[in-house]
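Below, subunit A partners subunit B and then partners subunit C, in two separate complexes.
Let's look at the complex of A and B:
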């Protein structure tokens, strides 16, 4: 990738969607995330990069409280979504997760039909009044997931019967079907081949127009290709956060530079 | 990539570790291959031994048990004498009922004499001895018929009577002329008569449906005993077990597996459930006796109590298998459901439970099959023994009236003195095994069908 294009990838100052302040996460006695402060903007793709075990996935899962399912996990500090603390006692994680959708590392469609996979979220949140509306949501979501043309003739076929890349795009369609405002992606392409990866990356760029996208990735090229902002995590700390172009061409911290040039990680 | 893997030029070549030709095996390889061959031989031998045992078991059971499905019957023309059955001639049902089975004896004797005369059989036997080849059940059968059809009194009706168990045994080869030398119940002349009647076609051995549908009979009438009523007892117990153990077991497993916090209390519960699965069934029997009968005063010998005891016994099996199948559902499915904003309960009921259902069903059916074959706990709540009961007429009766269960019935027959009961015990085993095989097959089919959906 040409360094000059990276430099050009600047973004207008956007509204802050998620603000994390002094976030610490503990798994039992392990201190997994240390004093992370980060501001994630709307209509922006933010990439979290860093070596394995640096806490980037953990931090991502804090953003929609998926860590609640792990009983030993404790989160301290504030994470504000549109200025509201998502760890407030009054917040129901179910409502939060409808607003903050998630796509996982391994494509995990439900063992149901393609239609039911996408329709499940709208159904449980009561987003459709009747079958026609639901059909509409399903079609819109599948189109946004850039998979409509491939599956429109077999919506009744099982979602698990699709190829890996199609499954992942189906999962993205499923995530956007609940009309979230933020989309979290935990290494969405790590189980996909290069062609499927390219399709998903293209999709991520399109999704930016409607959502704030946060993506965890092991691939620095991918971060450089799809994101406008990049955060580099190392050993549980946020080392550096800034414009993707700056991080990749002119990092401030020597650890970032070492990682990007391949000397650590 | 560096070139470190290549040996530096000029150094003395080390002797190669894997020298020699690939075409011949090294001693080490030979030893390993021989060990593998030996292990395979052990495995085949073990399977063969198991198969031989199974074959012996099945042939023994079938060989000894098929006799129970056949019974010797005597077809006789019986003149229902008005002078004996309804002296007043008024056809008053109360008067007819006053005639006990003892009063029917002359009619039966007369019918036997008539048959002997009709077929020209020469015999020195007296009328009472002639009637001795018939079952002691015959008088009751006749009386039931007459009470049900009082208008038939005075007519001649054809009946199909059970032969006595000795006669039946003679036709099946269990009783021989040598074995009856000291038997007061039957004599050599009576056997001559049996041969003659068989030749005349009056006496024949046919399929006996009453064994499958009938009730148990007392010690003197093994030929009349059937397993049908205790089969109903088993059925009602299984209904109780299914209605209680499945919902309780599944609810407990879902809570423990998906919702319960991980602490010492849940750990304790977990350990104790595993321990309960290993508790001998007779312990559950004594618990049932103490709690359900002595404390709660539920009726003794009732399938309801039997079902409750078996529920206690089956619960751990169901809980363990349900938890295992819940655990086997990949966590990514839960993540996916939670990720689109499903609540924990929605995730469990919409996604996890349907995927675990085949495993839960299989566990339940295997638990039920286990409960169906259980005898020991029934001993203590009075479901083993001669329980004189006819088929229950209502569901409440089925649950609360004294009854036995199939394995208890088999045990009861096996311990009675008359070898005719022994044959019925084997027959009962065949029926019980048929049920168990059917249930296990069902479990396999259900699992296959559900698993193949995707």
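Let's look at the complex of A and C:
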């Protein structure tokens, strides 16, 4: 995929999965996110791009309430998942995170076997009635993580012994195993070499058929390659949001154009 | 010259060496500091070190060797018949030293002139009275052999000290001159000083190791003596601990080892869960404010001297347990005879070990990468599921190491068991009975009037060595486990 074909990408309008309305985030006195409004569609890869410190990772972590673990962080505004406010008092953040899975910047397999890494989520949420069912979930998830063929003979080996790219795909398989509806990815390829990056990107494209994927990336090529929608963040504000093809070839805002052409960032 | 002034002289010489060396270095570069190989102060340090280090080393060695040398020379002068009955050559020699010391003091205080002191002879003066005047108390009148020996002692000491002064001063001056003459603008003073620093560091490191080796060796020799007097099968495999200073003791380590391990086990039973839970709370749940206040508070517990814990055992925990289990207690049972018991000592020792376990475990839990916690939380795990299933397994090897270190402290602990556990050596599984440990028996075998040639005393060294081997083994195991764990993340 290159820039020339961007405009030809099929962009079907999908149902809205996550809607953020006037979201503001504060770390103590710092105003990290300012009035962000964005609508994330189902079965779509949405990329968040922008210079370092622009708030894209912070915003991503709001979508599954991972910011709750930081005591100084305050979130204002509404974030609706399937029309329900995830910051409502009745919502259990733990349940929410099972629905909105997350893959982190650095591969972080648990110091357990490959099998136990993938089985971790299903075990916690009681998704399998017996061992056979669990085996099935693990295999299905590892296949979906495009790593089954590489690890099927050594499921008892420690997950930390895999290569960086394999570890990241294991983490994706682990996130997929809890059957989330949305998959958040915070710079999933920044610690990987180009070959592993290509594998993970291919995987992201496949995941789109079942999930809504949100990916934060520093690489504009990556955003252009994997996403259908792109949001450009700058200094805590959402500057522009639209079809990836439009953003990269015909941006409306001069700041977006400057960033994409490498003049700011 | 007194040693103090000698050291002062050395310091003065090396200070002069510093400034002299510096000036000469600058002069050799014709005032242009940039031409020098090293900064001027390095040349100064070079001369100062050369003037000070060999001389002070010689001084230290001389001070150690001279008394031994003089002692052996003088004790050779005392004929065997001059040693009174029921006394030893050692006691006579200590009289000799005290008379010599007394004469020196008398000269110092002006009671005698130096010449008079050299010519003091038993008949003319009452030496014992004279000694009394300068504050040296003697048990008997001074016999002529002792007086002669002490005069010889004084002579040898004076000669030795003069020789020492000369040698040390010469060494210092020699070092000064040698180093001073080497100074030239191309001389690599910086590298020389660097090597001197390296030598200093190596010396400091080897001192600790040599001391350990020395301690082990001294215990080994005494233990060997013990096994020469007492059968090793009784020590390791006997079943009774019954020392008897009239001879015929049964000295088996097993009842003591049982008491030690039993008390340590109870202590760990208290310390490990409480310490671990405290560590989990502090590192995973507590807010910054609570943590900054509770962690130091917990660590204060570690700073309390163990004798204070002993008092706590003796005055609070022991009576409290007795009021429950002893005759006339709340439970109406008669399981406990007095306030001292395995449980008393074990509980208090457990309290002592809580901060030890918790602060080590806290460090280990904090070392678990945040990414692992995020990963688990991001999968929809609760905080306690994350702690139980991700953080603890990752930290487990380190925690095992911490527990083993705590165990080796418990085994070596003395004061709490002296005051809380009692003094009866026996095999019993009842935690409410008094028992005793290896450490308390070492104390009791070595305190009071002791004769260092009887097995009853020497057994203390055999016990000490066994204890040392035991705790060393635990520490090595703990370090091995902790090290293995470290490799997992780096």
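Here is the rule we use: the second predicted complex is superposed on the first by the 261 of 265 C-alpha atoms of A that agree within 3 Å, B and C clash if a C-alpha of one lies under 4 Å from a C-alpha of the other, contacts with A are read in each partner's own complex, and residues count from 1 in each chain.
The rule is simple: a contact is a pair of C-beta atoms (placed from the backbone, for glycine too) under 8 Å apart; a residue touches a chain by one contact, two chains touch by 3 or more.
Given the structure is predicted, the values throughout are model-derived calculations rather than measurements.
Go through the superposed model and pick first if A:175 touches only subunit B, second if only subunit C, both, or neither.
both
Examine A:63 and indicate which partner it touches, taking first as subunit B and second as subunit C; both and neither are also allowed.
neither
After the superposition on A, what does A:125 contact: first (subunit B), second (subunit C), both or neither?
Touch status of A:125: both partners.
Look at A:101 in the shared chain and tell me whether it touches subunit B only, subunit C only, both, or neither; answer first, second, both or neither.
Touch status of A:101: both partners.
With the touch criterion stated at the top, can you tell me which subunit A residues are shared between the subunit B interface and the subunit C interface?
Residues 64, 66, 69, 71, 94-95, 97-98, 101-102, 104, 106, 108-111, 120-121, 124-125, 160, 171, 174-175, 178 of subunit A touch both subunit B and subunit C.
Under the touch definition given earlier, write down the residues of subunit B that touch subunit A in their complex.
For subunit B paired with subunit A, touching residues are 261-262, 330, 332-343, 346, 350-351, 355, 453-454.
Quick check on the complex: what are the subunit A residues that touch subunit C?
So the residues of subunit A touching subunit C come out as 64, 66, 69, 71, 94-99, 101-102, 104, 106, 108-112, 120-121, 124-125, 160, 171, 174-175, 178.
Taking the touch rule as given, give the residues of subunit C at its contact with subunit A in the complex, in rising order.
Residue list for subunit C touching subunit A: 287-288, 369, 371-382, 385, 389-390, 393-394, 488.
How about subunit A: which of its residues touch subunit B in the complex?
By the definition above, subunit A touches subunit B via 64, 66, 69, 71, 94-95, 97-98, 101-104, 106, 108-111, 120-121, 124-125, 158, 160-161, 171, 174-175, 177-178.
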